[in-house]
Structure formats: C-alpha cells, structure tokens
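Order of writing sets the chain letters: A, B, C, D and E. Residues in each chain are counted from 1.
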Amino acid sequence: MLTRVKLICLFLSAAILLAVPPLAQATGEDFYVTLFARIMIFAIAAVSLDLILGFGGMISFGHAAYLGLGAYAVGIFSHYGITDGFLQFGVAILGSAAVALVIGAICLRTRGIYFIMITLALTQMLYFLGISLEEYGGDDGLNTDRSEFVTALDLYDDVTLYYFTFVILVVCVFIMHRLINSRFGMVIRGCRSNEDRMQAIGFPTFRYKLAAFVISGAMCGVSGALLANLTEFVTPEFMHWFRSGEIMIMVLVGGMGSLFGPAFGAAAYLLFEEWVPEIMELVVSGSGQNWQFIFGPLLVILVLFAKQGLWGLIPGGRSNDG
Amino acid sequence: MLEVRGLETAYGQSQVLFGMAFDVGPGEVVTLMGRNGMGKTTTIRSVMGLIPTRAGSIRFEDRELRGSPSHRIGQQGLGLVPEGRQIFPNLTVRENLVATAANRSGSADPWTVDRVFALFPALAERANNMGNQLSGGEQQMLAIGRALTTNPKLLILDEATEGLAPLVRAEIWTCLASLKAEGQAILVIDKSVEALTRIGDRHYIVERGRVVWQGDSRALTADEDIQHLYLGV
Amino acid sequence: MTWLLLLEQILNGVQFGVFLFLVSAGLTLVLGIMNVVNLAHGSLFMLGAYYAATVFGWTGSFLLAAVVMVPMALLSGIAIEVVALRTMYDRDHMDQVLATFGLILFFNESVRLVWGAESQPMPVPDFLAGSVEVLPGTPYPVFRVAVIAVGLLTAFALYLLITRTRVGMLIRAGASNRAMVGALGINIQLLYTLVFGLGAILAGLAGMMAGPLQSVEPGMGEDMLILAFVVIVIGGIGSIRGAMIASVVIGIVEVVGRSILPFAMTGFMGEDAAQTAGPAVSSMLIYVLMAAVLFFKPEGLFPAKTG
Amino acid sequence: AQDKEIRIGFINTFSGGASIYGKHQKDGVELALDHLGRKMAGLDVKMIYGDDQRKPDVGRQAADKMLKKDKVHVVAGITWSNILAAVQRRVIRAKKILISTNAGWSAMAGKNCSPYFFSTSWNNDQTPEAMGHLMNQLKLDNVFLISANYQAGKDMLTGFERFYKGGVAGRILYRLGQRDYQAEISQIRAVNPSALFGFVPGPMGIAFMKQYRAAGLHESIPFYSVFTIDYMTLGGHGKAAIGTYHTSYWNNSSDDPVNRKFIEDFKEKYGYHPSMFSAQAYDMPMLVDSGVRAVKGDLSDVKGMILEMEKADFKSTRGKFAYNTNHIPIQNFYRREVRADANGDPEIVTTGVVFENHKDSYYETCKMKW
Amino acid sequence: MAEPILRVEGLGKQFGGVVATDNLDFEVLPGEIHAVIGPNGAGKTTFVAQISGMIRPDAGRIFFDGRDVTQLTAPARSHAGLARSFQITSIFKGFSALQNVALAIQAHSGHSFRMWCPAGTDETLVAPAREILGRVGLGDRAEVTAASLAHGEQRQLEIAMALATRPKLLLLDEPTAGMGPEDSQQMTAFLGALKGDYSILLIEHDMDTVFALADRITVLVYGRAIATGTPEVIRANDEVRAAYLGEEKALA
C-alpha cells in the first residue's frame, strides 16, 4: 500500500496539475498549459503501457501504434469535416482495441525477445502504411480540427482542453487502479511471474493476456486522440519505433509495475526534454542541442541504480503498490 | 584444510547465519545436518562466495577466501554440487561435463568425462541430449559428474541424493565412500541421517544458523535425543 | 523484366543478405548467446565505420584502417560492457532495452561532437574498385564481392567458435546460469567482457564494410539495427546457422520483392497506383515476413536447442 | 507599448541524425545578423532557436512555446514539409509572420497560402522543373526517373515531368531512408536509359551515388540530380560526385558582391563552405530587416511589414528577385555541375541559367486572405 | 469394483530417440492412493505431465472421471478436477504464500474477467486460502513472500496450491523431495489424512512414504509398467528389486 510520503507526493502533483492553468495565465506563461497537457497525454499512454509491461510482463515495443491510431481516428474524421468528439474518441478507442486484438493475437504466441521484436515489426508496418496513405497526407501528415463534444466544452480553448485531459488522466489511473487489484489484475501479474503454473492451476492465460493487451491498446488510443487534439495535426511519426521507445522510457523512468510511476515518468521525460537544453544553453550557448548527450547516460544510470524508477526512489513502500 | 569461523550471512534484512563455524580436514568426510531452513545451503553459498557475507572468516589451505569472487574460490579447488542441481539446460550432457573440466587437485588419474560416464551409465546414454531434457535424477547425476570433472580438492554436495531412486542413491553413497577411500575430502549435506552416519567422519548439526552439536558418528548414533531434538528422527 | 535481370536481382538479394548477416553477426553473439538485448549494436556499427573512415582518410590505406578499427572497436565494446551492461545480464530484457537505448542517444551525440554532423568521406578503396562480370553482360562491383567474402568468413569462424570450442560452451553456459559457471571456477565476468568486445568488433567490421557504399553519418546504425534484430528473430535466437539463412532469405525477399512488386502489381491495378503502392508494400515486406514466420514458428526458423 | 527588441523564433532540426540541416541554416542566419550589426531599424534582435527533433508534433510544440512564452514576432526556419504543415496553422492564426528557409511544401504555395507566410527558398517543384527544362535543352530523351516514396518525392517527379518533354524510360520510387540501391541500379542498367534523373536527398543520396559509381554506371548513364549534391553533402560524396549535374536556385559562382561577401565571411567564420541551405537562411533576417525598417521598428504594424517584404527589396545572395502573389520567390534557376578542382577535390561550379525569373506553378490557385 | 477415476490406455511418448512412455495402461480408483515408482528417467514426470496436459502424448487416450480428456488443454483439465504438484518447485515467487493459494482458488471460482473489485480483500478467496495454508502447516507464514520460504516450505506451498483447486485427483510429483525426516513424516501424515477425500497419484522415491501410504504401487521402467500391485506384492517382486529397490530397502 502507499506510504505517507508517496501519498503526499501524489496530492502535491495533483494540486500542481490543477493549478497550472491559473498560474500560467497569471504569469502570462500560458505556454505551460500546452506543455503540461502534453505531459498528461503521454502520461496516459505510459500508464496504459505499464499495464502490459509492468504488470503483465509483456514487453511491447510497439505501443506507439495505438498512439498513432487514436490520432488518425480524429484526423481522418476531421479530414472529412466530421468533428463530433464522441464519434472520434469512440472510434479511436474501438479502433485501437480492434488493432490491438489482432496484433495481440499474433504476438502473444511468442515470448521474450520474440515478443519485443514482433510488436516492433507490426508497428513499423503501420508506420509505413501511414506514410503511403496519400489521401491522408502520407508523410506530410494531416492538419486536423479539434473535437467537438458539447457546445459547453470548447476544446479550442487550451485551458478547457487541459482540464478535459486532466479528467481523462485521472479516470484512466483510477481504472488502472481497480484493474490491477482485481481478480483480472492478479491473473495478469501471475502470468508475468510463472505462466506455466498459471495454466496448471487452471487459467487459460492466453485470453487474459490478450484482454490486457487490448485494454492497454484502447487506453493508449485515447491518449492518441488527445494528442491529435492538442497538436491539431497527425502524422505517421506518431507511430515511429523511436516513439515506442520513448513511452517505454517514461514507464521505466517512472517505475515499472507501479500505478502512478509511469505518469511521473512522462512528466520527468518531457520536462527534461524541455528544460535541460535551456539550462545547457545558459551554461554553454549552443550546447542545448546536445541534450541527448546528457540524457543517454542519465537513462543508463537510472536503469542501473533506480530499479524501481523515480516512484521507487520516493521513500517507503514497494513499487508494486497497485 | 577448510576452516570456517563466526560466519554471518543475511538475505536483505533477515539474517540466516549467526556465527556458523566448522572445519574440514584433508581426506575427511564432514557432514552438515539440520531441519529445513536452518541455513545449511546458505552456509555453502557463503563459502562459495555466491552471496555476500557479513562477518567471519573462511580459510582454505590457510588462504582467506571470504570476500573473493566465487570463481577464485572455485579455482582454489572447491567443487560444488548445488542444491537443486543447476545444470546448464542449454548444453548437452557431454558439454556440461567438458565446459568447466580441470584438474585442480593435480591428481595422477583425474576424473574425465569417460570416468563419469562409467560411474553413471544413464548419462552416457544421454550424452548428446540437452541438459533440460534430462529427468530430475539424471540431472542430479550430471551435477555430481560436473563437480567431479573439476577434480576438486574439497567436494561439496548439497542434497546430492535428492530425488534419486534408492538404487542410484546407494550407488552414490558407495561412490562417495570410494572417493573417500581415495583420500578425497568431502563436505556433505543430506537428509538421510543413516547414510551420513555411515560415511561421515564428523558431523555438525545446524540449528537457526549456528552449530548446536558436533561429534563423530558413534557419538551421534549413541545420542538418540539429539537426533530427535534437532533432526526429528 | 527479363529472366537474366531476375537472376541478377536474386544475386543482389543474396549479397544484401550476406551483408545483413555481417551486420547481425555481432548481435547474434550478444543477444543470441549472451542473452543481452543490445540496441547499442547499431552504435558500434556506426563507430566502426567512423574509426575506419577516419584512418582511411588520414592514411589512404583501407587495410590500415581495418587494423586500427579492430582494437578501437574492441575497446569501445569493453567500455560499454564494463560501464553499462556488466550488471545487466540477470536483469530482464526491459532494462537492457532501455539502458542500451540510452547508449544509442549518447553515441550519436558523441559522434556529432567529435566528427560533426556532416557525413564523413569514405570512398571505395582502389584495390577493391572496379567490377567483375558475374553474369553475362552484368558487371558486378568488386567491393560487393568482397563484402560477400568477409560475411561468409565471419559466419564460418563464428560457427566454429560457438559450437566447437570450450569458450563457446562456457559462453552458452553463462547465458543460462552465470553464478554456477563462476562457482565452477571460471571467471565468467572477464569472459563475457571479452565476448562482448568480440561482438563489438564484428559490428565495427560490418560498419567498415558499409562505409564505402553508404553514408558515414551519425545515426547510420539505426535502420541497420532493426534489420539485424529481424534477422536474428527470424533465424531463431542463438542460432548462427539460422541467422545466416534468415539473412539471405530476408535479403532476397527485400530486394527481389522491391524490384518486381511494382511490375507485378501493375497487373491488377493501374500503372500509377502500382508505382506508389508497390514500394509501400515492399517496404513492409520483411516485417510481414517476420510476423508470418513468428506466427507459425514462435521460436524462429531454427530455435537454438534450449528447449 | 512598443517593443524595444524584435524576437525571431527559428525552428529547425538541431538534434539527432538530420541536425546537419539545422546547423547549416543556423550558421547562415547568425552570419546575416552579424552583417546587420545584430540590429534591425535600431531594435535589438533576439533569436530563439527551437529544436524540432524532426518530429512534427515537437516542432509544433516549439512553435507554441515561441508564440506564447517568448512572444516572438516572427517564426522562421523549418526544413521538412511535414513540420511546416504542422507549424503553419498556429503561427498564421496568431497573425505572426512565418518564413520558411527551406521547406517547399506545395500546399503553402497554393491552397494554404497566406499573407503571413514567406519563403526564402523555393517551392518543391521548382528545382526539378528546372531540371526537366535543362534536359529538354540538352535534347535528352528516354530518361529514367528515381525518387523517394513520400510526398515531397512525388512532387519532385510531378515538377520534373511538368517541363520534361522527352520519353520516360522507367521510374522507381524507393523507400524513404533506404540504404542499399543495388536492386534499383541493376534495374536502371537493364533499361539502359540515356540519362538518370533523381531526387535522392541527404545520406540516401550519398549512399546511392557511391553505389552508382561502384557499379560503374556514372560513365554510361549520367546522373542529373536535385537536392542530392550540394556543399552540405559534398564532403560525404567525395569524388563520387565528380561529373554529375544538378539544378539549383543558387548561383554560388556568381560575382554578385553580396554573394561573394556571404561566401567569404561564412568560410571565414565557420571554416566550411556554405551550402544552399545556409544561403536561403541568410536571406531570412535580411527579409525581416527590410520589413522592420519600413515600419520604423513599429512591430505592431505587421501588415506594414508584410507589404514591404512583398517587394523583396533586400540584398539576397541570389541577387535581385521578386515575390510572387503567394510569397514564393520568382527567381532564376541554374545548371550546376561538380568538377575536380586544382588538387582533384570536387567543387561545384555554376555553368549556366536554365530558367530566368521562374514562377512556381501553384500561385494561380492561391487566394490570399488576411 | 468402482469405476476408476483415471484410466490411461496405451499411452506413448517419445523424445527423439528416448521412449519416455511406452504403450502404458494405468488406472486410479476413487479414493485410492496409487504410487508410481521407478528409476530416474523412467518417465514418471513425463507421465504426470501428459495426464495434466502439459505434454501432448504421441499415442493413447486418457479418461478422467468418465470422459475422454486426451484433447483438453492443461487449464481445462484442471477445471475437470485434475491438480498437479511439480517435482521442481514451481510457485509465484513474487507473491506472498497467501496470494499464491488465493490465486489457485480464484482459478476455480468462475471466470477472472472481474476487473473492478479488489481481489486482495475478497473473503471468498482469502478465507479458504488461509484455511488451506493452515492445513499444510504454513498458517504462520501466510504473509511471507514465496521466494524467501525455505525449500521445504516451498514444497508445502506446492501442495497447498494443488489442493486449492479443489481437485478430484491429485498428481503429486515427489512431494517430499528435499524434505528432512521430520517434515517428510509430517507430509506423509498429511497425505494420509487426505486419503479418501481425494484420489492421489503419488510419485515418490522415499520408500518409507510410499509403503506407508500407497494402496497400490506401479513400477515404471523405461516408460513401461513392469509390475502393479499392493506394497507387499511389489516388495516381493524380484524384477522390481533388481531394477529399482535394491536389497536393503526391500528387506526393511
């Protein structure tokens, strides 16, 4: 269960997220609204990945696929002038789920490195598919309009979009919380620990793993749809394998197999990307562009020494605090 | 030749060994007995440098081993047959025996693959099967053979007869006896008190990570209630 | 297209395949046998190319470049192993993926800092320039022939090392149970460091052979990396033989598919449609192949006999 | 409140594999600022550089930041069409000036054109159009076409064929990022065309040229390229490039003093020969400067600036040129070839004009609306 | 005579050249403990693996509780009432002893697509789990993570998990492997207590346990059953002595 320190961190960060828009506008820095919206969107992606990665032990190197699918669901509709949010998000979720179902059905026959590679491969296929879709701009991508749910909810207002994202993030985390502690969650974690034994005591593991895979994909689809709304633009880039890698990094940096870790990981990664170059610029001007020179080794160190990720560094409590 | 003093080991927070101490002399067969979970295996793993120890000393032929990496310890001539076999699943039986073979005791006619096959014909039949294709017992034989082909000065067996058919068990005990006859020093852990008393020179009874009784076979067989108290026989 | 051309394309496929093997050889060793998912393999490929290109640039001698590249690659490999991977062997693949992902970023930037972002000059060495006539009327670049030779040689040597030598056995043993190998008196740590170094040399070698035909630039390893993984996975992790066969199969599928698909597809769709759809499909071809193989043989074509 | 400084955001690829594009352009910009004394109509110039990592959404993020955080007056830079596509909307909606120093996305010349958008480079089709025209002049027939299988790649072929009148021996679209071209080369040899036209940019181009030469085709089938050979890639090409032809808007050999000064000072400052990318980028601050001076530093008068900038009344490395109604340059295109200089190293020499005052072919479809 | 709960007909399994199971006929009667003994490599574990559905037989059919289960998957057989313990301990190392057992119970209380209610506090799982742990003598170790249980305790956990699936037939592969005399005796007593409630197929090398528990014994050699009968009969059988027991045990 969560220790006090962790709880405090949790409430603090929630408070911060809530306070960002007013603060930003007060200080005229409303760019941070977009930045933190972006953070929360990737947090959703990371949380969804953690379900199969951290809890299910399925190392999917292709999670960017669902980010892209979700985004294209929004993009393609608005390409045809359909901006109804319920429709777009509905299709984003169902579409990602459907694709996840197919990909999962193929990949889950394999294990270990084979699984890593085949998820990667299938995602690359989607990537190239995206590039060759001339109708939807191919590699130039597609400019999109933001979704329209109800007139009250005007996503063109960045702050509204921000809180909209915030709510969805909270919902996703809560869902995840129920999920991993439920019977279903126990099965998933059991499969990670010892799948043969799971079968021996009577679990048809395949269908449970597949279900987890689909849920995770669908949730990531949502974050994709949100991303399309934020950037008002979709591109095959969303599905590039490097992107999958980044989401994995977020999960690991935050803490695999922990409920809140991945969200923190997303924040850490994106803020790093945002601020470290600036700091470097201050130190040596022109050096900002080499931020990866710092980030790479940092990542290695983190993997080496902070096995539980940042969330695990916060004192007390096992990381597996689902 | 092996001299362990005040050994303390812990897994994370939970300490398991509290001042473990025992000796093995040249050509001697010494046994560690005790109920499940008393720290026998942990002792062995500490001696082999497979887990970090907190305190104490492990001297082998007057060289301090404690703290040195396990391959050094192995090279000194300690040959381990670990609990739970731990043979190499992805090597063939023959490769399992060849890979780490050496003549550490510098003996005149060292253990070779063929001698091992002679000892365990079952293995000879499986010479080209992968390790993980062996039955539990075959794996156990392989583990013993593997330790023998390093021609150790001190052979350490942890539950070496676990899961073996009575016949094979008997074979192994006779084999150990003959090794003893050749002057091989042996440290044995086993559940069969009766067999241990037959071949062991001296015995240590381990209880909660320390030695609570030691003596020779006669003393042990004589002392019914010790056996009852600590070994539940 | 004519049969002769088709034949030539198949030859091209084989050549590309052998090159792919060269690229994945080091990875087979590190991933397949030492069981480490080393994404930084691509970076070692890149470093090899840079070392060679630099020395080649200074001295104008390709052989000298090779002579210098080998120890440099070895050192780089050892450095990576000692600093980053040494403690990773018993960790799950996830950690390895991410740590080495970090290494990719690091090396790309380092190369940029040292050599700059421009692509480095590295022409075909004169003694390997020109072409030989392999098929009637089709001259074939000597350098590509050289690539084939080097590739086959590597394959053979590696096969012997792993399957026939004690070192090979110990490497495989260590992959399954390091602690035990150590307890039996083998300095597995040192052994692994050296093996990783060997992997680095192979990667570097591939990079050096790629230099004269490609652009020596930061990040040149990434595309190669994915291909290398595909090769190993299709071939069956840990199987040299599998890697070799998979490479050639992929090479042929990739090259031949690329060259005939557009024609083939003009059959049932318009010229223009085929012109764009063809390449699109062929760019997915090897991934389709991989998915298909793993679907029917989840352990790859030649699963190493670890049961 | 009048701004005491003008803030220019410059988005480009500064990290990762393609960062070379960012470097060459940034260096061009910085040199221009030096030449301007780092002031425009008395206002200090503040440059804000943003890295797009070659990812559209990251570029978009950078633009957002410049608009909202840094409150820039001008957003400039951008190498890739897809990043321009991602960025343009936001900037234009914010009624800020957007200047592409490279990306030649056709939509910006046509249906997406906007008064706020300027290009100091060209429209994607223009350079290959010039090449098509050149091949007509050279009476080349039966030419083989090769290009990359993505949007810009297809634009290139469209542009080429818009002007090229001869027969097409065959065409290949290769995969973006492809590294091995032996298959394509075999195919080309089999067809045995009179010449090869290709759009094979950056590292792909270097690989292709090396392999093309290794196969010995460079003698029998001359290679006419666009965006493949330039001072940015020349080092990588090495001798393999010698004897090839390409078209470009930039007459690097011109004796125009502005051009000379640019090249000399650039070499002086950075120690390498500027590329066309540097030249394009060099023009950006000059263009802005013309606008700022026109409004006497009153940056709130965006419209005033734009109206002035439309006159293209500034010292460009390409000499005098005009802006078309869609703010794409109407400019000359030159034939350039790679020769061996005194000590056998490759150098690029301009050997003639292909087009005078060439218009892009989208401006009719452009409906400017403020 | 009662209808056997498990009946195996002409079962056969080869690994490459190795004949692990050779045209084997075998049956377990309701409530009986039927021990299978035999030299190492005789094919006992393989036999169990085939009954529990982990290995597909090459030939033969398996009837359980009256129906043909030859084609069923391992999970399906578990639901049919077959439970197995592993010779080489196989448990969820990261989970607590309690969670291990609770999971096994969960496997047999309906489908597990319940994604909302926490399982950890679900009394319908936890209560019986505690009860079973108590029965195998791990009551006080419930919260300990399985990895840090001693070998012997892990063996007990194995059994606990098997029991938790409420089986009709227990397949026990060397339950006392690696246990000290005391624990073995406890385990023996415990298995004795199960007699009647469960039918048990017991694989064991510890003859004291076997002779103490078994109603019938089948001796497996090279995958073939060379003898089946009551302990007395088996003791007396020369072939068995030669192949397996050796002298002193038999006389004992």
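Following the convention adopted for this analysis, a residue touches a chain if its C-beta (ideal position, glycine included) is under 8 Å from a C-beta of that chain, and two chains touch if they have at least 3 such contacts.
Please read these numbers as outputs of a predicted model, since none were measured by experiment.
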Shared interface partners, meaning chains that touch chain A and chain D: C
Steps needed, at minimum, to go from chain B to chain D via contacts: 2
Farthest chain (mean CA position) relative to chain E: D
Greatest separation from chain B - chain, by CA centre: D
Separation of mean Cα positions, chain E and chain C [Å, integer]: 48
Distance between the centres, which are taken as Cα means, of chain C and chain A, whole angstrom: 31
Chain A-chain E separation of Cα centroids, rounded to whole Å: 44
Distance from chain B to chain A - Cα centre to Cα centre, in angstrom: 51
Residues within chain D bordering two or more other chains: 15-16, 19, 149, 154, 175
Set of chain C residues in contact with two or more other chains: 108-109, 112, 276, 279-280, 283
Residues within chain B bordering two or more other chains: 133
Interchain contacts (touch definition) - all pairs: A-C, A-D, A-E, B-C, B-E, C-D
Footprint of chain B on chain C - complex, ascending: 166, 169-170, 172-173, 175-177, 179-189, 238, 304-307
Chain B - residues contacting chain E, complex: 11, 14, 34-37, 41, 83-84, 122, 126, 129, 133-138, 140-141, 159, 162-170, 191, 193, 231-233
Complex contact set, residues of chain A against chain C: 53, 57, 59, 61, 106-107, 109-114, 116-118, 120-122, 124-125, 128-129, 131-132, 134, 241, 245, 248-249, 252, 256, 290, 292-293, 295-300, 303-304, 307
Chain A contact footprint on chain C (complex, rising order): 31, 37, 83-84, 87-88, 92-95, 97-99, 101-110, 112-113, 226, 229-230, 233, 237, 276-277, 279-280, 283-284, 287-288, 290-291, 294-295, 298-300
Chain A partner contacts - residues on chain E that touch it in the complex: 52, 54, 73-76, 78-79, 83-84, 86, 90-95, 99, 102-104, 106-108, 112-120, 122, 125, 161-162, 164-165
